[in-house]
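Residue numbering begins at 1 within each chain, and the chains themselves are lettered A, B, C, D, E and F in the order written.
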Amino acid sequence: MAEALGTRTVSGGSTNGSVGPAIPWQDRPAGSKALVWRHRENPVIPRAPMPGVQGIYNSAVTPFGDGFAAVFRLEKTDRFPRLHVGWSEDALDWQIEPEPVVFSNWTDAPSHYAYDPRVTAIDGEYIVQWCGGHNGPTISLARTKDFRTFERLENAFLPFNRNGVLFPRKINGNYYMLSRPSDNGHTPFGDIYLSESPNLVHWGRHRFVMGKGGDQVGQWWQRTKIGAGPVPIETPEGWVMIYHGVIDTCNGFVYSMGVAILDLDEPWRVLYRTNQHVLTPEAPYEVSGHVPNVVFPVAALHDQPTGRLAIYYGAADTCTALAYTNLNELIEFTKANSAVF
Amino acid sequence: MAEALGTRTVSGGSTNGSVGPAIPWQDRPAGSKALVWRHRENPVIPRAPMPGVQGIYNSAVTPFGDGFAAVFRLEKTDRFPRLHVGWSEDALDWQIEPEPVVFSNWTDAPSHYAYDPRVTAIDGEYIVQWCGGHNGPTISLARTKDFRTFERLENAFLPFNRNGVLFPRKINGNYYMLSRPSDNGHTPFGDIYLSESPNLVHWGRHRFVMGKGGDQVGQWWQRTKIGAGPVPIETPEGWVMIYHGVIDTCNGFVYSMGVAILDLDEPWRVLYRTNQHVLTPEAPYEVSGHVPNVVFPVAALHDQPTGRLAIYYGAADTCTALAYTNLNELIEFTKANSAVF
Amino acid sequence: MAEALGTRTVSGGSTNGSVGPAIPWQDRPAGSKALVWRHRENPVIPRAPMPGVQGIYNSAVTPFGDGFAAVFRLEKTDRFPRLHVGWSEDALDWQIEPEPVVFSNWTDAPSHYAYDPRVTAIDGEYIVQWCGGHNGPTISLARTKDFRTFERLENAFLPFNRNGVLFPRKINGNYYMLSRPSDNGHTPFGDIYLSESPNLVHWGRHRFVMGKGGDQVGQWWQRTKIGAGPVPIETPEGWVMIYHGVIDTCNGFVYSMGVAILDLDEPWRVLYRTNQHVLTPEAPYEVSGHVPNVVFPVAALHDQPTGRLAIYYGAADTCTALAYTNLNELIEFTKANSAVF
Amino acid sequence: MAEALGTRTVSGGSTNGSVGPAIPWQDRPAGSKALVWRHRENPVIPRAPMPGVQGIYNSAVTPFGDGFAAVFRLEKTDRFPRLHVGWSEDALDWQIEPEPVVFSNWTDAPSHYAYDPRVTAIDGEYIVQWCGGHNGPTISLARTKDFRTFERLENAFLPFNRNGVLFPRKINGNYYMLSRPSDNGHTPFGDIYLSESPNLVHWGRHRFVMGKGGDQVGQWWQRTKIGAGPVPIETPEGWVMIYHGVIDTCNGFVYSMGVAILDLDEPWRVLYRTNQHVLTPEAPYEVSGHVPNVVFPVAALHDQPTGRLAIYYGAADTCTALAYTNLNELIEFTKANSAVF
Amino acid sequence: MAEALGTRTVSGGSTNGSVGPAIPWQDRPAGSKALVWRHRENPVIPRAPMPGVQGIYNSAVTPFGDGFAAVFRLEKTDRFPRLHVGWSEDALDWQIEPEPVVFSNWTDAPSHYAYDPRVTAIDGEYIVQWCGGHNGPTISLARTKDFRTFERLENAFLPFNRNGVLFPRKINGNYYMLSRPSDNGHTPFGDIYLSESPNLVHWGRHRFVMGKGGDQVGQWWQRTKIGAGPVPIETPEGWVMIYHGVIDTCNGFVYSMGVAILDLDEPWRVLYRTNQHVLTPEAPYEVSGHVPNVVFPVAALHDQPTGRLAIYYGAADTCTALAYTNLNELIEFTKANSAVF
Amino acid sequence: MAEALGTRTVSGGSTNGSVGPAIPWQDRPAGSKALVWRHRENPVIPRAPMPGVQGIYNSAVTPFGDGFAAVFRLEKTDRFPRLHVGWSEDALDWQIEPEPVVFSNWTDAPSHYAYDPRVTAIDGEYIVQWCGGHNGPTISLARTKDFRTFERLENAFLPFNRNGVLFPRKINGNYYMLSRPSDNGHTPFGDIYLSESPNLVHWGRHRFVMGKGGDQVGQWWQRTKIGAGPVPIETPEGWVMIYHGVIDTCNGFVYSMGVAILDLDEPWRVLYRTNQHVLTPEAPYEVSGHVPNVVFPVAALHDQPTGRLAIYYGAADTCTALAYTNLNELIEFTKANSAVF
């Protein structure tokens, strides 16, 4: 049936335009008008999915070979966050490596944490980005071609930084990466910036892209902080950047999902930005967990012929969930409900 | 059956003693000795009740014509709080206006927020009170006769203030309003005051009514802050003021419901005050949501012949729920379990 | 010499235009181009001025009879702030009552604190405004004709509020008072508002007047909070409002003096506002003391024929100092160095 | 069946080696490899277990006579925490005294709070330890032989302290008690100490036992604070100390259960300490409640012949739950997964 | 002259009643009515008194042999606080040991800090009390007979504690020590407690003695925290306890000196307590320094025949100063200006 | 006399080894053994040095032509920090441009702040580094050859960063810059890092150099944060890096001066580091001012033939002061009093 056919041209890491595996898909539930709808069997990776593992969440998925590879944030019962590789034919049922990723050229102590990874396919290889420790959290990088050996690169930035997301191709000959300068705690503020690099080692020409909201209409749901999510998706309208926006309540942060569209050639220019979230914690696995009320998008698989989009997100810092939308509808919605500030 | 008969004389905004519509009602569950019991089909207005709407909660309901009108706190997916009118024949099934209330004479920018409304029927018209922005939250006011056109009045107080509740009749020729002076954040403190006005414009003779609790028995459940809830109900024993009390735990605030009885002629005098809450977060829609563990009463419908009381409360800053009690039993309980401090 | 002649028409509390006593005066020091210059014998009331008294500061001075009266914030060695009356022929050498002011009609406990008084002469009597306790600081009021008996009025506002300053005449038939809504601590924020009253009891039609600064030029010195100082002075250009602006450093707040000009008929409209302070802590008695780095203006004496202005200010929460300027020069400077935001 | 046979020799308060009642027991669920597994009918004492009672949690259970006695933290709807005695034949179904424990020799006001009790059987009597008020929380003590009359002893320590746990026998002639020095709030830090006493009145020779974790592997789940749980269990390997470890997330604390083994003769020496939690909030009654995400162990019953261990823990500061393990397996796991720091 | 004659019977550490060296003395300045007056050549030990030493302050002085010994808090330019012994014939001119005190039986790492010492002469030896590190500050103890060899005792209390002060004789056969339970930072609160010990090792029967002030008259100068100062002085009226009281301003804490009188036999009973400070930062070396506005009394020398009292206090956490008073006048003042709460 | 002769070879920005102007000099005061001693006529630039200017401090000085140039942090009475150029023949008497520096290619709004500049002479031009605004403070750069026209470069880093200091020559073909990652406030933490650039635009290979201190000996004076000061001075022993260390007291931060020596070829390696400050606030202009207790070194002039070193430092965020030392002695002291951690 339709759900198995979303195939030939898959992005979300793979070279745009290539033929790839079928991405996960479920049609919009009958009668629903939701722009984004949840996978019926969510969470895809439940709480405590393997013996001794407490949770897998905020993780990256990418087409690889005939199937998919993933770099997971996995916490064993010691709650120490590390990266683990996973393999899947359908991007739903995952074989997860029991041992964490080992990097060649790792200059930190072996115990250092690693969390909230993204994976960008670019120029025939995969660049992993994550939040790593360097006397304070910042953006760490590594390259791999096979998800078995990983060569660690230099950290991109000085501390303190989180949510680094590399674009899937060079623009005018340079690499570009989004990030969110932070502090050394839970950071009750945060805006999205863009940085440029000729070589993935030295970074500069930093540009402010867009900031957290405030007291105005269209800004409340994201008034505390924002951060980029999946690898931006190239479209004729611009780069589609799915991101998280956070509001602080008297009982803690609430993380929701929003969308922005950035200029293709000058990606620090925001063309559109949703004045409302497109997914917010409502399901049981989103509102309860180790950190309640978190919807945290980190990866997206795109089937170009159909426009289908499968978005992976961490839920409540406890499990991994999946939601669907149609990219064209998402773009139309974003353009029609935009507030750039 | 009995649940449809609670009719003729309804207050909760309407002129006391008049014949009004039947208020919602369910008998106390068999075998239960609860003083206050929940509507079996709670929440009355569930999470995400309409397309594009995230939640409706902390809202005011009042008898109107042959049925009921409401002023809802409604948040679309941009989470910006605004007031929307609703209509219902039974105060359970609501037709909600898709557009927010528009006020004539609105002097602020159109984008300013509005939340936690109350509605008081007085002298043949309805006064809406809510927490509005004026370079910081304070108590905003408007009058209406038909819930279609609203004339905005002056803000009653300087910032910062929340939970303004107007009494349903003049006392000795003046209007009286309860409120809770606050700060510009989530306010980890708060007491209830009373202010007087000859004209709904100028306010003075401010009186401290009652304060948050402390380390003593009878005070822990309300030790962080308190705030008035529904419009006070006039009885021979005094004004029955249902209010919320808050305790701060290591994981955030817990909001519960309590009751006080104020002197009829000098309503700044507290005659009784429950030394315990009468409803506390226990149901799933109360303990989970965008702000977990919130029971926030804002409106009450009273059927005088039977003493039935239907209390509307916001649950977890996510949905609207309903609970029932008998006013006489509530008064007896308050008198028998009172600690005034 | 010239310093004794600044006489006939004195305001700063007195009826505008009346002949009053000579205000203190010292010419601008030779060679100085300062807009505002200090009294050479500062502080006028030194640290520990009387046995058992730790400090007198942040106090109000007004012409009275053939000389001057004052309402002082006086702290004995118990540091409890109270109001004491003082008498002087030249407004420099003060006889200070050893006992605090006793108010008729005082409804609070006799021990409640009182600080930062202002005195406004209006309609043949004197209204004292101060920060008083009412389960939290707010603006207290009293009236007197002779500075010997004081009748206490209702508190003007709900808590929390500070720096209430009453205008010296009715405008369009109503009283107007500036104030600064606050919180219950040291308040790291604060803007100036205006409220209206027909009777000095009920207050409303609250208007935002002007806010604290921010990151822009002209705003840094006042970026934490602001508050009105002396009674505004009526001039053809508008109401001259001298105020304090505060910046927070890593070692605490620094209080400086600035000037704004408000519209004569609509005093919530700011016409001009200095983009810099006109006096900042530099003298030893300003930079050291119980609260270092405080210049806090609270009263001003104006000699209309000459334009001389003598400004009383608290220094370092420890003593009382005096500075001089010429009102016309001050207005010109304010107009020429204005940033309204 | 097997679940009723865990009998003859029970500790957890009783004299080691004596024949006692059968402790609660359920075999590890088929197919499960969990080290610690939950009672299938959890919570043992549910939310709102009696009329007017909001919750019973963080409570002590001990063998007594032919059955069991308990000292419960019980909160009525006023949320004021007090101690109540309970009786049970099977340690699952409890008769709970409706009135709180009355202590002879109580020197504080009768209203003072009492929470998080432990009970230690020693030298033919029972010592109750709890967190009591003494101008700030500290460790209070009382002795009883029958759980009907309780003689209060002196508070062991100066404020501020929590989680006092007395060892079940003297060591080298002295009493020893674990505790966690705290502050006067929710305390975002905390280590475990040991103190010595010749007489249960005077305490000294304080020793640091073990601290909260940090950024290293094995420490994240307990990086905010730790506190001892049940009475330590004597084994040939050392004293088995079950404790709670806390991590702070952006939405609050998460409490999990861990294990340490202390030297038999020098119990301030840590031999082993789990580098991961052995139980963490995952069940609905653990992740939701008045304080979400709390697993708080306070008592353990041990059946020596079989090694069965039944652990009572408070869940979400709302109800009482039970989990099982085998002591030998727990020890082996702790030794094999240890990080002492 | 008179200033050298204050001799024969000196306490402040020495056995009461014995003949000791002449204490420092200067008569009250002519014309002054000050209860407490400063040494004219203050500070006695100035800022940067020796090469490489930044400051000596908050230190203990005691009669010893024909002269005086001291235990100083000395900070070299590394600002690490340590204890150094000093010797003097007149208690004004000091020979200070360049090396810090070395304790036998020191169980902590040699680097641990030591600050704010007191010295109590009791039973023919000297007990030094100070704030020492034990995974958090608490009260450390050592004994000496010659100020050359020091035997370290056990820490008296669990962390966190400061300002431990031992009484100069046993009362009813037990030692008694005042202290101030604290937290692990700058502690914005703090009350004085009393603890009992049979052996200087085990401590218990903890009693609350007196608390910090509040909003009432007599309490503001000490509203943030209080702590005992010099060794209490035995008089027929009771134990005279000089202490510090702290108020928090928007620019930091201000430390002043106050006096209480405790019952001779039940020293946890407060008979009198000054409703005002008797010395507050006013001199240049008190208002400026590394911690401005600190007057911190730690030792007192008493000449019984004359009643002369010389009080050593740290000034601005930078230098050591001296003030004088007459003990009888101090007692009379305390009784006449007392507020016990 | 000797003070005018310190000439021929001056560094501190100039090309090493060139003949430059005579640097300021005063011999160590007779009888003093101070390692670093103050200029007798300090402050060099006093408080309020020009009309309308409140203070000049934390500023950079460099040899230029026959004399010296400077880039000053200048605050007018609006307290907005900007950069102003100054000229001097002797580096003591300064002609200061009344208008702030204008940068070509300035992409921010003209109002953005600029503070704490450094100037590095390298490859025949001068690179100015300062803390500039870019939606949060970070390190801004500009180049000049004549101190009249300045070309602005890209900001080196993402926010938040302060105290950027560029090395005076390339090392192995790359530029190197020290900096201190910060947050968006007063930042109660901070370590020194090193970053590499091939082109002054893109930066990477970030290395941790050295961190703030802690509870150990040698670390207290710098336990809150540290930051690089003047341009490092090349010597055979390594790069001499003068820096500031900060300790937080209950009344605020205290900034002192320390010294480290970095490896010549691998400047992220710390060879030596003073375990004590070498200059700390003691002079009146250091302990009092708008931010009391600040000694903040930012520039140093070095006379190679004699080893004389003149160090410019900001005092109390209010004025500019000068101190002297001998470089060889400073190195010897650093090596002999070193604690690297």
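Keep this in mind: a residue touches a chain if its C-beta (ideal position, glycine included) is under 8 Å from a C-beta of that chain, and two chains touch if they have at least 3 such contacts.
Protein names from UniProt, one per chain: A, B, C, D, E, F = Beta-1,4-mannooligosaccharide phosphorylase.
Bear in mind that the values here come from a model prediction, so they are computed numbers and not experimental data.
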Mutual neighbours - chains that touch chain E and chain F alike: C
Reference chain C; chain at largest CA-centroid distance: D
Label of the chain whose CA centroid is most distant from the centroid of chain F: B
Chain pair equivalent in interface to E-F, over half of contacts matched, among C-F, B-C or D-E: C-F
Pair of chains joined by more contacts [C-beta pairs], D-E or C-E: D-E
Self-contact between copies chain A and chain D, residue sets same or different by half: different
Interchain centroid distance [CA atoms averaged], chain C/chain D, Å: 60
Separation of mean Cα positions, chain D and chain B [Å, integer]: 41
Gap in Å, rounded to a whole number, between the CA centres of chain E and chain B: 56
Residues within chain C bordering two or more other chains: 251-252, 288, 292-293
Chain contact graph, described as a line, ring, star, complete graph or other shape: other
Touching pairs - complete list by chain label: A-B, A-D, A-F, B-C, B-D, C-E, C-F, D-E, E-F
Touching residues on chain E, where the partner in the complex is chain D: 134-136, 138, 154-161, 179, 181, 183-184, 189, 191, 193, 195-199, 201-206, 208, 211
Contact footprint of chain F on chain E as seen in their complex: 47-48, 51-52, 54, 76-81, 111-113, 133, 186, 251-253, 288-294, 317
Residues of chain B defined as touching chain D within the complex: 33-34, 215-221, 247, 249-252, 254, 256, 275-278, 280-282, 284, 287-288, 292-293
